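Two complexes follow with chain A in common, the first pairing it with chain B and the second with chain C.
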Partner chain A sequence: MTAHLEKYLNLLLFSVRGVHFGIDAEQALETAAYDGEGADDLLWFHEELEFAMTSAVYAAPTIITVGTRGGRQYRVIIDAMEDIAEYSWQDIRPFPAIMEPFTMRNGIWGILPRNGRMTLLVDFIRLFNGKPRRHRI
Partner chain B sequence: MASSDIPLKSDLILEELKLRQRTREIVDVEEERVKVIIFTCGANRYAFYGGDVREFLPTCDISWVPGLPDYLPGLINVRGDIESVIDIRHFLGEERRDRFAGLIAMAVRDDFRSGVMIDSIEDVVDIPVSAIKAPLATLNGAARDLVLGELEHGGGLVALLDIGKLGAKISL
Partner chain C sequence: MRLSAKFELLNVLIVTIAIAITTSFTLYRIHGEIVRQASLAQESRLKTFWELLRTKGGDFRVVDGKLLVGDYLANGNYEMPDKIKELFGGTATIFMGDTRVTTNVLKPDGGRAIGTKLVGPAYDAVFKEGKSYRGEAEILDVPYFTAYDPIRNTKGEIIGVLYVGVKKSDFFAVYDSLITGVIFMAVILAIVLAVVSGFLVRRSLIPLKAMVGMLKEITGNDKGITNLTERLQISGSDEIGDVSREINNLLEKMQHIMAMVDTVSKRIGSHTATISKTVTQHAGFASQLSSSVMEISSTMEEFSTTATQIAQHSQGVVETADQSLQDIKNGVNGVEDLAQKMREIHDDNETSLQEIMELGRKSKEINKVMEIINNIASQTKLIAFNAALEAASAGEAGKRFGVVAVEIRRLADNVVESTSEIEGKITEIMGAVTRLVMASEKGSKGVREGQAYSGRTLEMLNVVVEGGESTSIAARQISMSTQQQQIASSQVLVALREIEEGARYSSAAIQQFSTISNDLADISADFIGFMERFRLEAKQD
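The block that comes next holds the complex of A and B.
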């Protein structure tokens, strides 16, 4: 199965509240600046990942439209979009076994150590399929 | 006494040597020893078997990960290996602090492997296995699940913790 997959992953990198994240760029169909609109279908990234925050202040919010299996789309507000870059699979590490059951519930499946910090890799398809959401398109 | 009845000097020596050897073996068996690491965590002292701890790491950045329970504060990078960190105070009923300035013990037992937050190392000692006593029934309820036994050190009792039980508790 894995032999059919490419050895590189194109990652869209961003951060929310100082935590660095990456998603497969193929899952981001579109990006747009967030202008403060209050549409019901907009999902805040920190809420989807159940960050325990009293308040979320996004410095440079961006809406990414995420395509998932079955053609469904979700609009998620992320923060501090940094880069889209290609990384080898060999640079990605799985989570330690005792953490994986917890992280997988939020679609966080791997770790990319880079620039002296850890970037958490999120699979939006896993995230949105894994549990019921309050706001869906 | 006929000269043939007199034991050979070499036989006497050999017999004595074998006796001493047997005595030493008996002593060795009786004095089987084990290395334990005594550390502080919160207000109390605890111990791990030395064989369960690969190394101690100085305070380092722990990368927080969303969705983890309180007792898993995040990840550390140990020379390129990504390791989990356990805040053992949660299981010991010790008071938790926002700011961690202690050490991380890299614990490894069978398939279980993780960093464990401790405050400081107090001592590393070889003790006879017999010095490890069954835990007191009055032991703190939160810690009791992890305790293998108790040993006396520095004029007080120290709870010897079982890394395997810690791993099993988290994997539940």
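The block that comes next holds the complex of A and C.
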């Protein structure tokens, strides 16, 4: 089991505005449908990731509950949740060392080439720990 | 022959005829009286003859070829004829039958004409008609005044004839000598009377000769100028004096008349010149008028031809208008049919639109169902995601569960995908329905507009029909008018031809009138020259 985990990483894949992302499935506690509720603890993924956009349209917004090591949970609205699958660590490419300090600031730690597209791998815990949080559950 | 000679000859002729008639009448009456006296004498002789015979007997009979008067034998007994000759002269005869049995008529040889026959009209009167005969008769080729009476017997049968007669020369000897004397005296008297009457006639005609001389002076036979100022010398109160007075009156009136004639002739001459000039101008006008009338006639002929063509064309227009009117009516019927069809299409379209809207409504219901299904699938997917997350967190133990979760998520994805496809199809259907509805509404709108157009078209066509009918009526009226115009132009053409003919006649008449006026001018000039031959005013000596 441990050997297997060392070789494979279980990723939850989704996309926001056409950009594909992936997170470690262990960081996702649950998913729920977003019905347009206006709760204060909901975080919009593109806002957290500081996309260069003022607004974004989500085709199939889904609330994903992220658990941190400190026991904190964040509810983040993502879009177009695609799959939960295992990928080999060998398929994952880290950022060049010169770019890593900048990408790591937003929790993006690697790239997964998949079906001819790039999937940015995001560490929610690092993302939320590295920035002040407006809402905390 | 001069009038005096005529009077003398007439006087002689009248005198001669008067004397001749008087003489002839006198001689005729004398001759008639002689004949009457001869007849009376014959009757007296014959009565005497009968009385002498009755002294011999009362009856006449023929016995043995002998004529007896009583017992007196007549045959060869010359007593009675000789007694008659002794008493009266002349001849006497007794006939037995038609044969002389006793007579004093002598033959050329001196013997008595016994045994000779009675012939001629006396025989016919006595023996054929049984009547007496009086008149002239030739006895032995000598003319006689005769008297014959039939001798009848006691039975009334004619058995003989009693005759007396006298030679005509015995009665007319004095008459013949009287004729010679009367004619001689008549000729002498005629000559004397002719000489006397000729003298008287010549004497009576002396004033007349004087008057003729004065008239010659007036008429100016020698000078050629008639002097109407002269007057006759009135010599007496007889007929010639009356004639002279009347001639003087006539000369007075003639002088006055000729003065008027002179004035009138001069005025006529002046007017004739004016007329001639006017006629010449009028001839020019008439010629111009004739030319103009000919041009008008030519134009009117063209106009008549054009009118005929217009009449024919107008008839064609009438037919075309009728055909157009019929076509328009057919068009109206077609538009009415079209409007009916469009109403049916509109109704059908409304029905289809209702069906389509019902279909859209049901598609929306399906879409709602699909949303529900999609929602369920999404929820299932989320559940599957959560299950997968749970399985992933369970490690090796949750792996099989994770496989199930993955399959469920894949099913959910398939459902979502299917529902998405269905939603897409439904969306397409909805879009199609919407477009169809819009198209149907547009079609309905188009149909309504078409109905409105067809209604307006129908109204316009009805107006056009009314216009077509008006056009047809107008075309007929135009046709009739053009026909009347054609007839009128023909009549005008006929009238113009008559005018043209009249203009020609007028031109010819004017030409003739011009000739006549020229002749009249010549005559007027001649007449003025003629009037110079009259002296109408006395000379101021």
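Following the convention adopted for this analysis, the second predicted complex is superposed on the first by the 132 of 137 C-alpha atoms of A that agree within 3 Å, B and C clash if a C-alpha of one lies under 4 Å from a C-alpha of the other, contacts with A are read in each partner's own complex, and residues count from 1 in each chain.
What we mean here is this: a residue touches a chain if its C-beta (ideal position, glycine included) is under 8 Å from a C-beta of that chain, and two chains touch if they have at least 3 such contacts.
The structure displayed is predicted, hence computed values, not measured ones.
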For the three-chain model obtained by superposing on chain A, do chain B and chain C clash or fit?
fit
Should A:118 be classified as contacting the first partner (chain B), the second (chain C), both, or neither?
first
Looking at A:60, would you say it contacts chain B, chain C, both, or neither? Reply first, second, both or neither.
second
On the A-aligned overlay, A:10 touches which partner chain: chain B = first, chain C = second, or both, or neither?
second
On the A-aligned overlay, A:98 touches which partner chain: chain B = first, chain C = second, or both, or neither?
first
Once chain A of both complexes is superposed, is A:25 in touch with chain B (first), chain C (second), both, or neither?
second
Give one of first, second, both or neither to describe whether A:108 is in contact with chain B, with chain C, with both, or with none.
first
In whole Å, chain B and chain C in the superposition are separated at their closest C-alpha atoms by 26
Residue by residue on chain A, keep only those touching chain B in one complex and chain C in the other, then list them.
none
Tell me, which parts of chain B touch chain A in their complex?
63-69, 72, 75, 77, 80, 82-84, 86, 111-114, 167, 170-171
Chain A residues touching chain B in their complex are 19, 46, 49-51, 93, 95-99, 102-103, 105-106, 108, 111, 113, 117-118, 120
Residues on chain C engaged by chain A in the complex (per definition of touch):
378-379, 381-382, 385-386, 388-389, 392-393, 395-396, 402, 406, 409
Contacts from chain A onto chain C in the complex sit at residues 1, 4, 10, 12, 25-26, 28-33, 60, 62, 81, 83-84
